[in-house]
């Protein structure tokens, strides 16, 4: 794979929001990408970034963007960008991202709007970068076909963390049959202002609107493969389709809770393997620790050097102590043990604002560059 | 059933501890029981209660006990008590409670030491007061047999909350086959000083030592029945034994987490019924709401008027808002819905310091009085 | 004083908000007042209260109001009410409260809009009910003069707590010269949704917009007296005016912080007395403990039985343990000691949603009833 | 000043504790110092560091020390060390540090035991490194005089933060007359296990044992100068003594609170200057921002590049957002404004585990190396 030899100009949509601030922080020091344009709502457009943003990161606003004038989220304002990262809210992301794609821009989105689109890959970069193979078919839907424009989405923050070990397990031991996951999700997953403090201090909220459905559905799309449709398919014989893990049907049940944690989603997972007997806890630990995703092999600069750390201490992972593992790009697993109902249970921790959001989009773009899916 | 006509003198062991303070608070206003003696460690013995205790309740120390001189936890100091409630720590509870029983005192304990004893009932008062039938056999182990002394334990705080709806479901729909529970437990469950604040603010600890084993084992003892042993039993043919749900083997898998909540354990539960097809979510909701335990029928003054409240709002129960339901003696259930892996899933909230600890012991004693198990 | 012999019908404006919910909770069990009408925004009007409100109290919605249909906040809808309590937000309270007064209704408001009005008393009921003497002059401003309508406001929640001990000290030891107060304020003071959790978990915000100015100004109006203006006054010779503590100028400096506490404002106060030598810490403790306000002497049913509790333990008061003192109507003081810069320093704790908000308005109304300021 | 040309071997006493872990983390990457020996209690001695420590940092244990065998805290075990940093608890620090000094080792201590010793400098490295001039006299107390051994302490974590701006103000505007400070202190200041979570979640504790006395006394020693005693001094004419700000007596009044914040002490400060009229808020802001301490001029590698950042936003500094400023070695000030009682008030934030503890000791050692007080 050839790494780019010249800086690639990129833009950020929704740059003043929670995820947008993370994009800006990460891209300001990226080895390949250079921040060229920042987009936000009409209310912010025209103002220097430092004035438009209510900055909530623990590092200062990168000096290079303090005085950058925020643009409106229209494609004409991002013409010089090869890639656009979207941290837009779902209520506006659909139309804007579609317009950017139609203007032949490569869009890597953190929004949910296109995740269920049958031609849009839903990619967790440590899991299913192979789904980028759908891009040509996505571009071919347009008349004339798009040369460079497309949309790739990343997954919901609570899905991202736990599909990494699930994928590692399927790679090592074959298909899973059932997954039961209970999440303890950080408040930053709800954006800003997000969760009112009166709702969460000294409290747990055992419900996050739409979250369980997202986990249950997205897991199938991500862990499933791409298959060629038969003649009865609306796309016609030979069209590519996401198979939703159809070869080995997978039942997923999620229960989602909000807890008073700033960053880092903790997830208690139980799984049942198709293979009997199932692997032992020790085999599972070894398979998880050994897992290396394509993104790492490709040499993506933002991919974690080690993907999954398996804790031996009985009380880890913990969000406050482990969310910075691999700068938030890695995944922590602990407490791998037998489950009396399914086969194996364990705890996953993933940083919802890093690998669970902006970092995922950036690695997705890195992979797409290395695989020549992004034309530059 | 005849309610007592004269006050019954009671004592509290471990009266200065977290659970002991709850016993004192509740017994100070009890309609039948009158606080006669308070016991604590030798360090506290001899001092007025108000000086010996590091009071952490939001109500003041009851006036009637402020100046009561704390006693050592020896049976001679509690001779006038008919009932003794124990909030002792596990490291001393074993020997002390045994000594009190041997001195022919009725002991209702919150400690774990005797929960696995084959002659000691492990009673959640909203579930299995029928297990008091074991007491004569327990007394008969002694030479000469005890006339009034025995030990009854209540369950671990995380077990107590969720076995109430499980029992209601078994009563309505027959035996369960599998239960998977993930807990989000309050810090007060660990006593005082308990959980260091550095470990839990902005954090979750996905491990509580021994807790998962307790839930998995205690559930079987509580939900199981009493059966007559056959001739091969060490107790001989006809001896009573706790059958650990043996007629319909039940698999229980627990994953326990500590969260930054003061009081109130939240538990995400998935269950599978033996009966096919299983009941619908609506049938489950109705069965839970209709559930009335024996303790209520008997007229126990500390039993909740309604046992289970079923919330219709999607985001309830929540510990901060719902832990005071029925003065902490009731159980809240919400989010009853289908589970893609087992049959039905729901959320349970129980107040770990009330029904999960002191309140349970007190209702157990009330039942034992009404059933003439306590002699007075 | 004659207590009312028949129920007095009352209404609540802003009944679905945070303060409004407290009004509803308290008034549902009030011995004199009976809830007759609930008002809220046009969005809520016409719906049963239980549907219109996002109930956030730890006690259930009072049964008597669950099905009460919410009204718009217009005087015609509250004609049968003798008293109207206002928990309206400041952005609408001004016009609505003025309209209710003009319609000859007695308004007791928790909003800030009229606090600086030269004819509106700003009353902390444990301090300056004497300021009700301004009501006739307020009514006389209208043409024709109002017979029953007027507005009385209570103070900002952070002012209320600490002026009670300040007033007790002035009554015992004469005027204060300087007060320096640093607050640690609960999140509930900001209403709902109020403070985003991302801003306050594991954090302190050393700023609350407008709060320091409110404390510094309101303290002078509350602790000051009513005096007769001279001929140069715009009101003419003999008009009553709030003197803003003018006889003994008082310097007040406030520093306000938001902390992650649900309810209960903690305030660190240092004071300097005019009198030299100043009283000793022990004299201050005795004066505070002995303080009995007029509201208590009058027999107001919602007044605390004891107003100020003086803690001897060095680490009290604490919001979580002491905010329920006297059902939140009392004030806790602790750590009375010498100040190396001023004279005496101490810590005050007051429940901002009880005595700091709804409870104050209700006691104000009780006093006004007993003093025949409210005509019924 | 000559920077050292060879690594300087250093040891850490109390290496498994909260402050010790910070020392280890910082020293593992220090440009001059190399970790040579780790000391802890006899219980830990003999075990590899990674096993002996309950590691609570968000970065992993430095690889170079994982397998280092922990030693007992006796001088013989640290003979090869030029400098020893002490993170010992106060209950053992006195004897151990004295023994290390007597064995001619240079001790930089975070413990309180020697802070009030008339020959031990109490140094905040951004303020009073000039007090190192006391070392020769400290060494001369011994028979024979010590050649290399001495003790230097740093200040209490709550003192450290706010004396930096106080010193900057005195340098710019002359002596202060009065300082009133109210602190909101993080839980990490109490070590581990430290503050029980039941005491601080949803709570404030308005008391920290001994803390107010420490602030009030240490401020005078740090801000005061060194003066030559007259003939009546016990040390004889010409002996050096800490003058405790005697030339311009300074009154300091502190009120200390514990708040639910992990790291970062927030302090609300009001000051009165001797000079009349006092400086304006704008002059104060400029003086604070311009302040550069000796440690910076000397080129200490751990000194912050900028010492004080002055925030213009009204709601800053905040501990969660600002505690990492300059890797925790700098001090944040905000809300500089007039005080109605004294002259000027402002908010200070300092990272209590960095500049407030280990970082201070390390910079002190760096200064002592550069000034040739440490012989190596």
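By written order: A, B, C and D. Residues from 1 in each chain.
Quick note on the criterion: a residue touches a chain if its C-beta (ideal position, glycine included) is under 8 Å from a C-beta of that chain, and two chains touch if they have at least 3 such contacts.
Going by UniProt, the chains are A, B, C, D = Aspartate-semialdehyde dehydrogenase.
On a predicted model such as this, the values are computed, not experimentally measured, just so you know.
Each step here moves to a touching chain, and the least such steps from chain A to chain C number 1.
Averaging Cα atoms per chain gives one point for each, and the point farthest from that of chain A is the centre of C. Taking the mean of the C-alpha atoms as each chain's centre, chain B and chain D sit 50 Å apart.
Centre-to-centre, using mean CA coordinates, chain C is 44 Å away from chain D. Among all residues of chain B, those that touch two or more other chains are 56, 201-202, 260, 262, 320-321. Because contacts link each chain to all the remaining chains, their graph is best described as complete. Note for the complex: chain D touches chain A at residues 56-59, 201-202, 262, 320-321, 323-324.
Remark: chain D residues 56, 187-188, 192-202, 260, 262 touch chain B in the complex.
Residues 178-180, 182, 184, 201-207, 209, 216, 251-253, 255, 257, 259-262, 266, 268, 270, 314-321, 334-335, 339-342, 345, 347 of chain B are the ones touching chain A in the complex.
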